[in-house]
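Next, two complexes with subunit A in common: one pairs it with subunit B, the other with subunit C.
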Partner chain A sequence: MKPTISELQQLFYNALGKKADITENTVKKDMVIWDSINHITLINEVQDHYKVTFKISEIQRINSVKELMEIIEQKLS
Partner chain B sequence: MLFNSIQFFLFFPIVTIIYFLLPHKFRWVHLLVASCIFYMAFIPVYILILFFTIIIDYIAGIYIEKSEGKLRKRFLVMSIIANVGVLCIFKYYNFFIDNFNGLLHILNLSEGNLPLLKIILPIGLSFHTFQAMGYTIEVYRGEQKAERHLGIYALYVMFYPQLLAGPIERPQNMIHQFYEKKSFDYYRLVSGLKLMAWGLFKKCVIADRLSVFVDPVFGHPHDYKPVVILIAAIFYSFQMLCDFSGYTDIAIGAARIMGFTLMKNFDRPYSSKSISEYWTRWHISLTSWFRDYVFYPLSISLSKNKGNGAIKLYVNLFIVFLLSGLWHGASWTFVVWGALHGIYLIFAIISRNVRSTVNNALGISRNKWVFDRFQVITTFSLVTIALVIFRSPTIKNAFYIWGQMFRGLIDLGQRVFVHGGGMLGENCPYPMVLIVLSFCLILFLESIHFIQSKTSISSLVGKQPMAIRWGIYYALIIAIVFGGVYGNTQFIYFQF
Partner chain C sequence: MKVSVIADVTFDHIAKEIDSISNGSIACTFSYEEDIVGKLLAITTDDLKDTDVLFIHSDQVFHRRPAEWQKAYLNAILRLSAKISNKKILVSNSISTGFKTSPAKLSFGKGFYTGSLFSNEISALLDRPNVFAFDFQLMLTQLGETSFYNYNVGHMYQMPYTNKAVKAIAQALNEQVNWLFTEEKKVIVVDCDNTLWKGIIGEDGIKGIFCDKDAEGIVHYHFQEFLKLKKEEGFLLCMCSKNNEADVKEAFAKKNFVLKWEDFIIKKINWNDKITNICEIGAELNVGTDSFIFIDDNKFEVDLVRSGIKNITCIEFTGDYNDFLNLVNRFEFKKKQILKADLEKTEQYIKQQQRSSEEAHFENIDEFIKSLNIKSEIKLNDIDDLERLAQMTGKTNQFNFNKQEYSTEQLKQFIAKEGRVYSLKVSDKFGDYGTVGLILINQGKNKEVILENFLMSCRALGKRIEDTFLETVLNELKKDELQITSVKFVKTEKNIPAENFYNKIKNETDYFRTATTVL
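So, the complex of A and B:
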């Protein structure tokens, strides 16, 4: 099962509190609002939605939407 | 050994020249010995503290990797207890006992007062213990192989450019560098020297010059007019930046000449448009340490109790910043400073939507350039307000200074800044001309930062004709030698 951009957009909205125009190419450092605090909120939203658990080293490694989608897909397969 | 001292001026070239003359296999020994000499220039016997934690963490790393299950955690806990224990004894014991004795006094039980220890804080303690704990945590997480070479591990902890005031490095970035053969590179030499010169300029010409104004005002604020106190608070923000980032630049430059890459620790923090952004630009190595080893582990379990998720996030943020404050020093002023930043961030999250609505309603966000400047000034103001208590000897002093800063703003707003002598008073640490010079230095600093946001200053200067290039280098050296303030000037972060 692969996560979709529309699912992630909703999760980003839940975490960041506003609509984020994310694509697969969106990287964390280019989004000021995607800071460490919102990152952990986003991770918790993703965990809840997909019923997966991240290790801290995985959380540290997620620096883009693409990396996030890949790691979710790995955990779901 | 201070970076802005004759000792270091001799130590550094000798160590670097010998480094490149030695065969690669002996270089780690040379750097380790040099780092020991560097550290022992302060209080020699304190090197035993370093040796103690190095041995414990070296053993812990190996046994964490070898073991399975709960035993791995026990060795990690052993490492954390050793490092935190050393911190508690040498840094926090007197603070805890002072407060305990204070509590006994309130309860009329002063006969039970515990004695204080007469200890001088070992220099760099907060830095190398955190760097060491980062290593054992990464080994525990499986992100770093345990280092089997005791000498290389010891060098990771003690590498002199970053031993005393960071950057607090990660093992994944540092350890492999000690195994790599580094050849002398002229361009790296020039780049490193330029960075060291810039760091010295920031420290000696800007930071130490500002401290001549700041120190008497913060020491005896009642002797000064409100505008003077306001100026001192602003000056302190830049003194702090130039002192610490200047030290870091010297550390990074010195390491770069030998071929080592240390992490960035500052990234134009006063261009931040929010407190959250500020903490991605200020003391980056410490912030990321607390994020990765305290905030993330505390927060990852938020989702187990989703209903309280927001409250838990705020509590975790507050805890992280309280700890960050305490890391800086064993005093309530530092704890309150940390708490202030925690409150800033929590307020920012809670009020996000309201602030956006208000900004839109008032039209502040209509013009992006204006709005960005507004955010930068607001963030700088919040940082400066918090730094007042960071700098103040007591909380009471800080409250007085805050009140006077507000009065100073009103004074400036009410009167045109023409009769400067009237607003500054007779007892101002600097005459008007030196205040203006200090603001010019700050403007120069921020202009350099602005250019750095667009392009690399180093390559921009490098592209200029030789006469201009050397003119700039010469001007920098003249400024450091003749424009610097020297004497008993410590680096601020050495006290942490």
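So, the complex of A and C:
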């Protein structure tokens, strides 16, 4: 199963607030509000929503929407 | 309100959540402390100048600290709480047993470091009047460890909580901080049918109502046990029900309830509307209805009372066990401190009622007062009673010259700076009222002194004891050739009795005619 961008968009809104618009090409360092504090909230949202758990190395690796989608997809397959 | 947080986890998320649920009324400043014990020992009063509450949270479940460390941590809090006795301190009760598996036999306790090695430290800590337990353990139990913690994220960012846990902690902290600064509730008013028991007595009869350990009655049985405990802690129980009094009385006589008919000091069992009944109870007890909790199964009654009486707490009793558990954990039911005087409260109010009913037999009030055989004892700087006196400064509303609150420590300091603390104990033929009056006299220049505060507990009012008390204190001051030149009086929403008294003495006593009111 593949996560959709609209599902992720909702999780970004939940975690980072209403202005956190994303595309598949969004990169963490370009998005000011996607800081390390909000990153934790986001990871928590994603874990709750897809019922998956990330390893420490995976959390460190997520630096873009694309990478996030890939990791979720791996977990769900 | 400003909350300073000292924690060994990252607090940003919780602080942000609190800011949003409290609409900005609670602001947290926080610091992440790897060495939380060192930090606690280093803190000074100056660091906490602008702080209203200090919240200390070491998450032992996450860090799994060794026992010696936890002991040092508790001792550090104890020392700090003595150093900053004028600040309220909230301590989270997280515990750890490391990776030890549970022993075969567990001990059961009151939830703060349950059955732990540290019972001495904990009881010393909870004895301090400015320390309060934050029930972290309860939240953890309710959500369960795996939905509460996110260990992988936690060990990376020192923020181990799931979003659910962050919300729960923030919610509880918000409620408890507000509770610390609101006045305690004093009276619980309950409905009967489908609240104290399952069923409707007037329709189903004695055989159709349930309050026992069987499935149908269990929530009501436990509710009665809970109310009994609250009564022992000093709450006054009252009944307010649309029924025939004879029916309800019969239920209490024939059913073996946890609560007895006499446990309720006022019963309003009639067909009047509940707002009227509750206001009458307030008038009879001489307690403001804003310190009432009203519990009823009927949503209509609950909404009616909520809309009709300002600041009363209204709770709908649904009969669902989960809802009941939420009710039990509400802060309105918690006492900040339970003193011996609280434990005797119901008894004292019952005596008060006997006094009132005798009052009716006498032609005039002077004759009645004479017949009471009032004995009063006035003490100067009674160190042993400071705790009760400090509690009075926080709890007395009606007869209180300026609502200035003092902690036990502050009263001690007041005495140390040559201030005088006069306290009044009263008893009469019906029994002992305990300590009911306080006058604070502060040193001024030369022989001039300031009436810093004057307060009387409402249960002692109306017997002219306040006049005798003041007169005695004035005589004492005259002996030392001291003159009161100013009186600190501030009008509050509730201190009309104090205002009336002050106006009276200003007009009647030469002594006060020359004194000025300072605000």
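Operating definition for what follows: the second predicted complex is superposed on the first by the 76 of 77 C-alpha atoms of A that agree within 3 Å, B and C clash if a C-alpha of one lies under 4 Å from a C-alpha of the other, contacts with A are read in each partner's own complex, and residues count from 1 in each chain.
To be clear about the criterion, a residue touches a chain if its C-beta (ideal position, glycine included) is under 8 Å from a C-beta of that chain, and two chains touch if they have at least 3 such contacts.
On a predicted model such as this, the values are computed, not experimentally measured, just so you know.
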Does subunit A have more residues touched by subunit B or by subunit C? B
Between subunit B (first) and subunit C (second), which does A:W34 come into contact with in this model arrangement: first, second, both, or neither? neither
Quick check for you: in the superposed arrangement, does A:G17 touch first (subunit B), second (subunit C), both or neither? first
Touch check for A:Q60: first (subunit B), second (subunit C), both, or neither? both
Between subunit B (first) and subunit C (second), which, if any, makes contact with A:D48: first, second, both or neither? both
Give me the intersection of subunit A's contacts with subunit B and its contacts with subunit C, in residue numbers. 36-37, 40-41, 43-45, 47-48, 54-56, 59-60
Can you tell me which positions in subunit B touch subunit A when the two form their complex? 141-143, 273-274, 276-277, 280, 291-292, 295-297, 299-300, 302-303, 306, 309, 313, 317, 345, 349, 352-353, 356
Subunit C residues within the subunit A interface of the complex: 10, 12-13, 150, 152-153, 155-157, 159, 162-164, 166
Can you list the subunit A residues touching subunit B in their complex? 17-18, 32, 35-37, 40-41, 43-45, 47-48, 54-57, 59-60
Once bound in the complex, which stretches of subunit A touch subunit C? 36-37, 40-41, 43-45, 47-48, 53-56, 59-60
